[in-house]
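Each chain gets a letter, A, B, C, D and E, in the order it is written, and its residues are counted from 1.
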């Protein structure tokens, strides 16, 4: 059992447990912290797969920015009275869990069949040439530049939109008719 | 076979792990009461997808998968921003984050 | 260009009326004038038509949806000739018939009538399947409005029922048409929706097996036409529509619209699917017979005059169906003649019922009684039309029924034996109604309306006299009319299993 | 290696123009000390931008036509036939939607400049989506389009319902796009690339070989099935269409559907359905059930917007038939039929919803059949146009809607989809009933409250409604188009067919 | 050419009269004006008819026929029906009877009807009837005959319901038309059978195609076709089972009863069979049926006639009974005898009807014989003319009825198609006829005056009514001399020829088997005399009995009624035939129609439509129920959808 393997299992357990935490923690704050744990775990897995740059970005963007945003919003809300984690409805729950289970079973077996058990191994080291990050940057600004640009626009859209949303006062003042 | 699959890590392991996270996220969307947690669950799903992309990138020995993940992260952030903005807007007016609150449109 | 003019002039008329100032009293006069102009075009067609040939005449052909071989292609022959003339003839009268009874949004009403006319004439003249379908469906829309806006108390129920019934049938027809377009490509190598091309196709047929193309399409078309006709199990829209429609609506529905169904059989179903038609002729003869007897029995127990007349339509159209599926010349000639007869006699009956309704505002037979002394001329007119309806010799009705029964007897005596029961029942319900309405002591309900029970006005005379003249003319000199269709019908019958139609240059 | 070649930039120029143009209302607003400028001005800026983009789009298309290579940016996007048809239509629909937004009470408030900005960017997403020849671009396009839409709905004046609609749409949309993205992941993993061109070439083979790839394809499809609202992924449609401001509903039900279907059609070009019967059957069932669920669902609605939402579901079912035809190998004919249907449907539905938007008297007004009682006698021309639109939606000739159905049915029958076509036909009979209902109310039922005392406010609303010139224009223009193109449908057909 | 004009004048002049009176006269002209116009046109018609018949006698050799083809009526495929009319020996008799009697009755009507409000209408209808009757008798093919056939039915309908304010009268008209229609329906089918057998419907052409030997099969087209035509005849000529309309038809004005329901229209059935004698003769089975039906009708109607009180009803049943004789004659192949009796019957029955009309007129529209009696002194001329009619109908020599009835009785006994049973029934009928006719005479003209003299002032009718009576009385006496049998003429001084037989020679066919018997009539002479004597004797006896019953000892009938009880009830109520028809045919039909409407139309077909609609709406409701509004439920649908699609795809 190499270190890699050990690391994988460790991280797998960490991410799954914390993901379950997201699912089960009644208090959304705890869920958020569990999610941060999952993100960090995933970022470590990225690193394990040789995607170091992504691992860094994952931590910075997700754990550092997105989740913090969540937590801040939650603080804004000041939710103390949250007791129950799940929506009511046993029958609905059974249906939901049942169909998700069926789906999970189907996908997992599809994975099993496609990867022939888990026999497909990674070929050699994760090696994309000399400097994967540089290469990444290169591709990003040449091959994928259009998407990069669009996403830039998207961020602006979201920013403007979010501001507009928060400023929208809605039906409190109807348009004057003149 | 079992021992082998424990002792050696391959694409399948990552995919299975990714699917477990995906399913967990899915359950979160389906089951959680708090809309914020639902949003987080969606983030979780996107993370799971990221993981499978990276695993595939590793398996295919391509960088493109990683670039996709990069873009997905951006989009996920944008989505989170929009989602939170909506939730805040709703909360400001109705003081409500229970997902069952949004049932006026039906039938 | 003549046929296009006949088809499109009413549409133009509708547009003219729509941009007319709706407050103007001239509206009615304008509508009448326009419909008379259309009648003139009909007269022009009468002059231009050559009765000595079976081929399609005055054809026009312009490419339309070229990628599927669909074209604007129209033409007239002996099969459609009289129906077109019937349509142009009945519209001015219908407008006169609406003169006083339609007071609400007249502009829309007359415009609807003209659109309806375009659709009806287009249906009779179309040689292209999709064009035919277009006019066929288009005719639903104005009729839907006519019943729905200017109709009686349950008009909405009736009009929606009418629309949905007809549309349900025609969807199957559309699919069959599409199938035929594709089949033409398969068999002949090019897309075509032209009927003349379709006639040349040999559509595979295996007797008795339902799932062969010919049988399936035969039924798809037949159902659409049977609903419109209306044949027995799918006739229930008709009484409702007739009862609720305004007078002119009922008239047009009975006189022309039902003919679209039977005309469909003549023009489309039987020549296109000859083997299937021959194989299943018995079924349609049975349906016809059931229609005859069933319609008559229904009419026997109706309490509403309009409903009675509506069910009598079911009975009459049963004869037409029977005559058609006798598949011999007498039967088909009779059927064609009966279509015209029914247009005239039932059309006139609806006018007559409308006139009395305008005076008394009731249609319940039980409310009437003893009208004859108050309105003697009206009674005479009613009686004449009744005689035509129950096919007394020397009226038009007799010629049609006689030929139909004879043709049916030739093809299968058993059904003729049954059908002849309808002759008796027809007399029974009509005369019973005449007795209840006109004879006996004056109805109690009428005592308040005695001042209104005035005899026919000049306008009403103008409406009725053409019908009365035609009743006797067609009854005494049927050859004057039949000569125009003779060659077409002969050709139709003689070459049934390999029917094709030439175009007269 | 250059960032991008000049050719690439030319191809992307409509997108740049659109984005830049979208900023102008915002800039004007900022320069105006963050006070809302004149709505009309903002709208004109939006309209100008759209027209410029439209012009550029067409120019670019014809420039590329001579080069015979529509691809750009490392084959991430392409301006080919589908793209040009779908994008021009989307742009025109956005134009019409802007007209509606300018007039509608729930959209023309304080944040109209932002709204124009978001609308234009949503169109930007659509353009990306329809141009996408790579799954990544496709996904990005969907996201830009959708995220902008969520916010457009969210900033409506109407409070409760539109916020709820936005949240619903957002949660479910994100959920669905997560599934779609997972699908892309599986496809990428098995295909080794995200190029749609490669995908269509190899899908047939890979579906048989790799279950995971099949799962990926199915996930990808489900993402689209959600976007174009097919059973059972259509449930959001009615709620969101109802809750959203009517101009947005018009925009969603036409432009979004157009763009999504255009992209959806692309992945079927490989005609993998020929060899995969189970996939074919699943899609046929989805189509059949959708048609019936949509039409029957509309049957029991009184709210016009909800009714039109269900009808929009049903129409998606018809279009799916065309998609199946494409999947069965009749690529060009099927694509033409689908595009034709989409164009016609967009016109009809835009007109119908414009009518609803016209009728709304305040931001919280919900138009039900009762509101249109006797409308024909108050507003004959508009009622007449609405009737034309409804009849066209019902598929009665000679209105344009009939020919859309006709081409789809023709192709479906040609591919032997007999029972599906039969079912679709029957569905359209049920459909006829629902479109007759508003006509019944407009023409055949008298308005009971004729004599009621009309309040000042109501009078004001009436006056205001009379000034909805743009909305009226949209209604009349779409009805006119329906009738004219109905007769000249061949021109449109050839126009589309020549591009595909 | 002139013949064509005269045929046209004969046919069209009543039509012109009809149109003139109908269109211009209504409400403007009084009874005398319109009556004069109508009578003038009837007379014109009679004159042309007479001219034509005279012309016919001139044509000594060759086929004696005058024909005119006006135009082709219907021409379709092999069916060619020219509008062709002929006057030949057979139709000549009818033409004369119709126009002659018709004119007389027109004349009579002027007096009888001139005060009626609708007198113009009345005369126009009468003219209309004449026109149709002439079409019927002169039409040269079955369809043309059918035109007149239905036309007279129509005229009859209109005239029976002439006083339509009385619902019963209107109903009687309707009943007549519909009952006739049943026969007509059979007639039509009969025509078809013949057409598809012979390929033509023109009489002459059929004649040339009729097979030589008799067709001895029930299912041959000949037998079936003739049978169906005969059913048509039973409708028009009021035979079992379709006779029920005729007694009710007495609701019409009395001259109408005389013209239509006694003299002319009701004999159309007989005329049709005589006209097609060549055809019926070839179908012996049909003849048998006709004879049986005829014989039964004779007795049935005669028995009913015994117990009626309404003077017109008695005459009506007597008409039915006399028509039965004619059919009996046809049935045994004695077509000439049938035609002969038709003619004489037209004279004396028209006379009696007009006489009764005169009585009714004189009694101010009283028809019940119980309130008459002793009228001979008030209405002397009427009485004497009526007396002639009475003697004729009970078959007293030398009155017309004697010769024709005797001819029939003799033929039914002697003809090869005949049988002594037919003769016996015939004699029974004659006896009964004699009884009830004497009863009628006794109750009306003889005995005590039972009417209320305060209200009734019986008076003799005007001359316009009496002249026709006298004319008909003369005809009733001399009419029979046209067909004096050989046995009688041999003993008479001048040996008068049998004019009728000579006239019809060559036009009528004898049943093929019957011709053989004609030889050796010398042997038969004694038998013929004997039978003749027997029937006359019985009739006399019966008349005397009736006289005794109703004049001498009026208490006997009352006693008999008490004794017979139920049998009398049965006869008095006309064997309950109307009630049976009502109960077992009409009521079930109406009930069935109502049920069909309620169940098939409303509960099944419409219900089915509703079920389909409800199914759609149900689906819609399901679709609606899916829309819970809950985001997570929607998400569940997505997940379930994915799961199901995957499951189906992988075929798990």
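Throughout what follows, contacts are C-beta pairs under 8 Å (C-beta built on N, C-alpha and C of every residue); 3 or more make two chains touch, one makes a residue touch a chain.
Since this is a predicted model, take the numbers as computed values, not measurements.
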Problem - Neighbouring chains common to chain A and chain C, by label - result: D, E
Exercise for the section: Provide the labels of all chains in contact with chain B and in contact with chain E. Expected result: A, D
Problem - Chain whose Cα centroid lies nearest the overall Cα centroid - result: C
Handout entry: Reference chain A; chain at largest CA-centroid distance
Key = E
Problem - Most contacted chain pair (by C-beta pair count) - result: A-B
Exercise for the section: Report the inter-chain centroid distance for chain B and chain D in whole angstrom, where each centroid is the mean of the CA atoms. Expected result: 28
Exercise for the section: Determine the centre-to-centre distance between chain A and chain E, using the mean Cα coordinates as centres, and give it in whole Å. Expected result: 103
Exercise for the section: Using mean C-alpha positions as chain centres, tell me how far chain C is from chain D in Å, no decimals. Expected result: 43
Exercise for the section: Mind checking the centre-to-centre distance between chain A and chain B? Centres are C-alpha means, answer in whole Å. Expected result: 4
Problem - Residue list for chain B, restricted to those that touch at least two other chains - result: 11, 15, 25-26, 29-31, 38-39, 55, 59, 62, 64, 71, 75, 78, 82, 85-87, 89, 93, 99-100, 102, 104-107
Handout entry: Junction residues of chain A - those touching two or more other chains
Key = 87, 96, 100, 103, 106-107, 110-111, 115, 144, 147, 151, 154, 158, 161-162, 165, 168, 170
Practice task
Specify, in ascending order, the residues of chain D that touch 2 or more different other chains.
Solution key: 136, 140, 143, 147, 151, 154, 159-160, 163, 167-168, 171, 175, 211-212, 214-215, 238-239, 433
Handout entry: Which chain pairs touch, all of them
Key = A-B, A-D, A-E, B-D, B-E, C-D, C-E, D-E
Handout entry: Contacting residues of chain A [partner chain D, same complex]
Key = 106-107, 109-111, 113-115, 138, 141-147, 150-151, 153-154, 157-158, 160-162, 164-165, 167-175, 177
Handout entry: chain E - residues contacting chain C, complex
Key = 26-27, 71-77, 79, 143, 146-147, 149-151, 154, 157, 161, 164-167, 170-171, 174, 177-178, 181-182, 184-186, 188-189, 192-193, 195-196, 589-590, 592-594, 596-597, 600-601, 605-606, 609
Practice task
State the interface residues of chain D toward chain C in the complex, per the touch definition above.
Solution key: 376-377, 380, 391, 396-398, 402-403, 406, 409-410, 413-414, 421-422, 425-426, 428-429, 432-433, 436, 439-440, 443-445, 489-490, 493-494, 497
Completion exercise
Residue set of chain D touching chain A in the complex reads 1-4, 8, 12, 15, 19, 26, 72-74, 76-77, 105, 108-111, 114, 117-118, 121, 124, 128, 136-137, 140-141, 143-144, 147-148, 151, 154-160, 163, 190, 210-215, 362-364, 460-461, 463-464
Exercise for the section: Under the touch definition given earlier, write down the residues of chain B that touch chain D in their complex. Expected result: 11, 15, 22, 25-26, 29, 35, 38-39, 42, 45-46, 48-49, 52-53, 55-56, 59-60, 62, 64-65, 68, 71-72, 75, 78-79, 82-83, 85-87, 89-90, 93-94, 99, 102, 104-107
